[in-house]
């Protein structure tokens, strides 16, 4: 009964989340040979002013929003 | 000094949260024979569009809100 | 479908863990008016040399083991 | 720079873990249109005596080991 | 590539967060002799009605806000 | 009462952990103007075969051990 938590920058629309949880559940089920029914996926969205790498807030590095840049 | 984190669907009123943390603290203190004073309980509320089982978002499965259905 | 995580010092015997998960599940089910069946409880055991308060490792403060002292 | 944490029952061999992290990284990269290079995946293995559903330890429910049963 | 998560009461201004992630990154890099570039820091802000010690919500104990009192 | 969790590769000796928790506690206390006494630091050590970036296990990328390489 794996529990998967995905931390990411806040703001993706529900269509993307729907696709994300389906794809991740499928990847886990297939790798571990488990039924998708017993897999939980949680999405934790963080504001970029709450995420830092190299000691710098992502809101300072990348501006608002989400994604590669 | 146990730290308990409870992840649940967003939206319970504070009265329920007050009862929840009191009951969980009591359960941990009594099972582990510890003083309630050294027990921390954190509640992490997740929107149903951030929670999935079987590859499906709970907002799609259950609609908005929280609780058994 | 709440997910409860309990972080505590490593080393309780399985009898205590059995009692702990039963009591916590009951406390959550009763406070949130949910079926116990949909509640997950995870225990994360940490060595005292991986837990600190006030900047001091618990292995230094309390010695090896677990519990109030 | 998503961070994915997968909690599961302890004991899979490294071959399965290798496949799991590759598949999950690919699923996240593809759903979010991100480079796989910026995706982190962590595996947290829990002993079955540290995992409970319905108030019962999985070591009591399922015995030792991991997987669907 | 350490990942540091800081849970705290919600509401600090971005100036404080900026200082916090810089100081924590520096502390980790220096203690572990790692480049700051490979250190991630996440801030998770919790409402005081989602944080309890001794079985009491911090919103009941301390009122709204954040900080020592 | 901030709670800091540091996930890192398994294996540092206790001397390094002692220095790490002291330095991080000091950084948090000073940035947030809080007493060090109310700050908790947890260290979660992961085996390199449980940590992946870019879809590759760190045990495959870097071999056993911990640190920059």
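By written order: A, B, C, D, E and F. Residues from 1 in each chain.
We take it that contacts are C-beta pairs under 8 Å (C-beta built on N, C-alpha and C of every residue); 3 or more make two chains touch, one makes a residue touch a chain.
Keep in mind it's a predicted model, so treat the numbers as computed, not measured.
Averaging Cα atoms per chain gives one point for each, and the point farthest from that of chain A is the centre of C. Comparing the chain pairs A-B and B-F, the larger number of C-beta pairs in contact belongs to A-B.
The chain with its Cα centre farthest from the Cα centre of chain D is E.
When chain A is laid over chain E using CA atoms, the rotation angle comes to 120 degrees (nearest 5).
Chain geometry summary: the mean Cα position of chain E and that of chain F are 15 Å apart. Each chain gets one centre point, the mean of its Cα atoms, and the points for chain D and chain F are 21 Å apart. Counting only residues that touch two or more partner chains, chain A has 1, 3, 7, 26, 40, 42, 51, 53.
Contact between chains, per the stated criterion, is found for A-B, A-C, A-D, A-E, B-C, B-E, B-F, C-D, C-F, D-E, D-F, E-F. Against chain E, in their complex, chain F makes its touches with residues 1-8, 12, 16, 19-20, 23-24, 26-28, 30-35, 38, 51, 53, 67-68. Put simply, chain D touches chain F in their complex at residues 14, 17-18, 21-22, 25-26, 36-37, 39-45. Chain F makes touch with chain B in their complex at residues 1, 3, 40, 42. Contact residues on chain C toward chain F in their complex (touch as defined above): 7, 46, 49-57, 59-60.
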